[in-house]
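Quick one: structure below, then a few questions.
Which chain is which? They are A, B, C and D, in the order written, and residues in each are numbered from 1.
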Amino acid sequence: MSGYWRDIFAGAKSLVIGLSITGREFFRPVVTEHYPYETPTLPARFRGHIELIANEESGEPNCVVCGMCQRACPSGCIALSGEKAPSGKGKVLTSYMLDFTTCSLCGSCVESCNFNALRFSREYNRVAFDKSVFQLDLIARLKEQNQCKP
Amino acid sequence: MNLPRQRYEETFVLNLGPQHPATHGVLRIKVTMDGEYVIKAEPVLGYIHRMHEKIAEQGNFAQFMPYTARMDYLHALAFNHGYCLVVERAAGIEVPERAEYIRVITVELNRIASHLLWWAAFLLDLGGFTPLLYAFDDREQILDLLERTTGSRLTYCYFRFGGVCNDIDDEFISGTRTFIDRLRKRLPVMYHSLVTGNIILIKRIKDIGIISTEQCRRYGASGPVARGSGIDFDVRKHEPYSIYPELDFDIPVYNEGDSMARYMVRMDEIEQSLRIIEQALDKLPDGPIMAKVPKNLRPEAGTCYAAVETARGSLGHRLLCNGDRNPYRLKLRSPTFSNLSLFAEVAEGMMIADVLAFLGSLDLVIPEIDR
Amino acid sequence: MANPIVHALVYLIGLMTFAGLNAAYLVWCERKGAARIQRRTGPCEVGWAGLLQPLADGLKLMTKQLLVPDGVDAALFRLAPVLAMLPGMVALAVIPFSAHLQALDMELSALFIFAFASLAMLCVLLGGWASGNKFAIISSARAVSQNLAYEIPMLLTLITIALISGSLNLREIALDQQGGLFHWNLFRLEGWHILTMWIAFIIFFICSIAETNRAPFDLAEAESELVAGYMTEYSSMGYGLFMMAEYINIVVGACLTTILFLGGWGCPFDVAPGWWWFGLKMYALIFTIIWVRWTYPRTQIYRLLNLSWKVMIPFSLINLLITAGLVKFL
Amino acid sequence: MEATNKLHTTLLTLFGSLNEGAEDATAQNDNDATEARVATIPLDYSRSGANLEQHCRPEQLRTAAELLNTQHFLLESITGVDWPEKNQFEVLYDFIHYAVPQYRVLLRCTVSRDEAIVPSLCSIFSAADWHEREVYDLFGILFDGHPNLIRILLPEDADFYPLRKDYMP
């Protein structure tokens, strides 16, 4: 019988303690962010999809079309091509396509690039109705960034 | 609390199907039931099978790293650590001291986040909605800390062979210390007196799903499932790796073997992980965070095995290399695969509500089972 | 109010709006209460602070297609949600909201409400069985055994109240408790009832939670085990009616507890009794029901039945005995 | 540490008896196509993660497993490996012990690629049930004596074995 009484009294006490805790929480301020109006602050190393870096003056991408990032990528999302530079020295980038549907944001490409030509963008809310929007043309994106720069 | 076997005239087969709120993933359990009692339960796997082991054989060693985080996304850093360990052991790479400490700190933080999410989901299965929000409130602090250093929140790709890719700064260290004090203050109130002491919860998981030590050994169970049945087996103490021998922490072991024992093992493990992080932060040395490692690694032929303690048990990598750039065969021994294999034997005779409480206490992550 | 037809019409419309508004805005209160307990904001997009949210939910439910899957007993499938609404609405008719605000003053009004409460149990069984879904069958079997087990202690506490106030007419019970805090049955001083009445109050309150399948006794529609219990196969207004029925049953349960224990429309210091005191007590009780739901996990079916047969019923019988003794000798 | 050494020596002696038994067997049918070597190789734990590697022929598998079971070992995992150039499948069994730290026994047995049948350990270690089903599922190695050897990960109607080297998706 003692188990019976102990269950009732200990149980009732634990139920009251539970109620008091949630009751106290009821009057505490709200913790959550109201998303569309309060956007989160992104840390420095946030990993959005990759984008090209241009050197300040000429606005041309630093990329020398060495293809290291293309080889390093585990899921083969990068497809880049370039041709001989008119000045005869090195190559110029013509197209840099990133298939963001299979990219797993591992950072191998950014690490494998020795010419500081790739970095992570800070874009986190890219949504679309069809997959083709995720085939990103990074050169076009770079041009856009150059235009909106002063 | 296994009730006597019922007579079987009118039984029906219920599909705790791949799409069910309590399976937390695409696990299907074909349950033959007589009214409320389960007569035979048979888990059906493979709904999220992606053939990780074949992918490992395609690319070179470094290219498999992001895939390790996609197996057990709740404790992704331990999977990174396991894969790094087996390749470093095969190729004989020495990891600098500071990188080892950073690895242990981030793995233990990730372990706490995984236990907090297990606790939230387990109580959701038992019908309590509010604890989930309190646990996610704490887990959010960890995710922000880890996002500052690694760049991602859930599927990390932070470890490299020979070290880690980013260094931790002072803000991370001070943030971790405030997190530790905050969680230490909240644990007794929000977790133990609100939930662990609650009579409804105690009645709900006490003496439910009792696993004997012999069953654990025959099925090869590990982690909190084995430690809940009185087996003192934790890979960090059993096969010490990294700098765990230098840190003093103890392994919670309970002998009852029921869901309550597994619950208490995981709650005590959160406190132990806090202790580990504190000691590791105090002893954090300076120095490089990456060893000199050739770009494409070619470990010489032979076989190698490395085990790591994840939140769910001992994760093993059996690696066979034949000297060229990609692994010849990489076997991933996932802890939940063995922990779930004893489910069919223990779940007989229980009622449907207890079967779900027992399933929750096993802490399953389905992509880790199906690989 | 002179001729009965106008009286009946006015009260019919009044009670229907009362029930409809309550069913809608209790959902809002529950979501806001749950959100505050979980330290988040709750619905706040539709209208100011989400006040139009119940309207939006109702509209969504009405515009959805009422799907009747095959292999389902069509007639019973459609009838069950309507029948589930019936007991709640009918019980509102006899509840005395204040001295002269009562639709129908019946002699045995308390018994009338409990007769219809057991009908609600049958509707859940009907809904579960008619939808032919395995989860629904398990959940309706559970709901029947749960409601049956918690009907008995509720009736026993009702008899103790009838002993004290001498009649089963809710109006008499409430009138008997007028005149200040210490005349309420819960704190009744004369006849020393205060000693045992708080046990009866707790039993009655727990039974009213269990009767309406609310957490921690929501085994009938246990989200994590039985997907949505007996409501699994229902969509749009079928589901909407079951939800409204649940909230109206909560309102009826809270009204009953206020009348039987907290002195109906009586004001604590007998300054100005009125229907708004009745509302205050009722919504305080409803808030506690919401508060309880978001604090505790769910029990198992056999612990729940043990709680009723082994704890609730013995305690209410002893309570009945003591009250009978007190009434006789004091 | 002395528990490990004691266990190590007992295992060496037990496996030794296993080897002699097999030695004379190979002596008779020298033209044994699979020329399965039977040997016990102590390993350096820190380099390879295992202490004792035992090569054995499929018939001796069950005796070796019973032997390990009596010593209260637990079956950690079963790995299948495909060696197409040697036309062989290899099955590796990992055993560890709950009480003895840093000790792992690796049981290796090779079988020819055409008729790949390996005795099942289900009756000794229940963990073998699912692991063997997985190796069958991914390699097509049959385990005789297994209660219900059906696919575990791939859909029932899959007719290919993905982890074979000659299988390209």
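Everything below uses one rule, namely that contacts are C-beta pairs under 8 Å (C-beta built on N, C-alpha and C of every residue); 3 or more make two chains touch, one makes a residue touch a chain.
Since the structure is predicted, the reported quantities are computational estimates derived from the model, not experimental observations.
**Student:** Can you check which chain pair, A-C or A-B, has more C-beta pairs in contact?
**Tutor:** Per the contact counts, A-B leads.
**Student:** Comparing centres built from CA atoms, which chain ends up most distant from chain A?
**Tutor:** Chain C.
**Student:** How many angstrom lie between the centres of chain A and chain C, each centre taken as the mean Cα position?
**Tutor:** It comes to 50 Å between the two C-alpha centres.
**Student:** I'd like to verify one number: the distance from the centre of chain A to the centre of chain B, where each centre is the average of its C-alpha atoms, in whole angstrom.
**Tutor:** Computed value for the inter-centroid distance: 25 Å.
**Student:** Return the distance between the CA-based centres of chain C and chain D, expressed in whole Å.
**Tutor:** Whole-Å distance between the two chain centres: 65.
**Student:** Measure off the straight-line distance from the CA centroid of chain B to the CA centroid of chain C, and report it in whole Å.
**Tutor:** Using C-alpha averages as centres, the distance is 44 Å.
**Student:** Considering chain D alone, which of its residues make contact with at least two other chains?
**Tutor:** none
**Student:** Which parts of chain A, given as residue numbers and ranges, touch two or more other chains?
**Tutor:** If we look for residues of chain A contacting two or more partner chains, we find 15, 18, 21-22, 25, 31.
**Student:** Give the residues of chain C touching no fewer than two other chains, as numbers and ranges.
**Tutor:** Those would be 37-40, 294-296.
**Student:** If you look only at chain B, which of its residues touch chain C in the complex?
**Tutor:** For this pair, the touching residues of chain B are 12, 14, 20-22, 35-36, 123-130, 133-134, 137, 194-195, 198, 200-201, 203-204, 351-354, 356.
**Student:** Once bound in the complex, which stretches of chain A touch chain B?
**Tutor:** Against chain B, chain A makes touches at 7, 10-12, 14-15, 17-18, 21-22, 25, 31, 43-47, 72-75, 104-108, 111, 120.
**Student:** Within their complex, state which residues of chain A touch chain C.
**Tutor:** Residues 4, 8, 15, 18-19, 21-23, 25-32, 34 of chain A touch chain C in their complex.
**Student:** Using the touch rule from the top, collect the residues of chain C that touch chain B in their complex.
**Tutor:** Listed in rising order, the residues of chain C that touch chain B are 34, 37-40, 134-135, 138, 141-142, 215-216, 218-219, 222-227, 294-303.
**Student:** Which residues, counting only chain D, touch chain B once they are in their complex?
**Tutor:** Where chain D meets chain B, its residues are 46-50, 72, 74-77, 79, 81-82, 92, 94, 98, 101-102, 104, 106, 125-127, 129-130, 138, 151-155, 162-163, 169.
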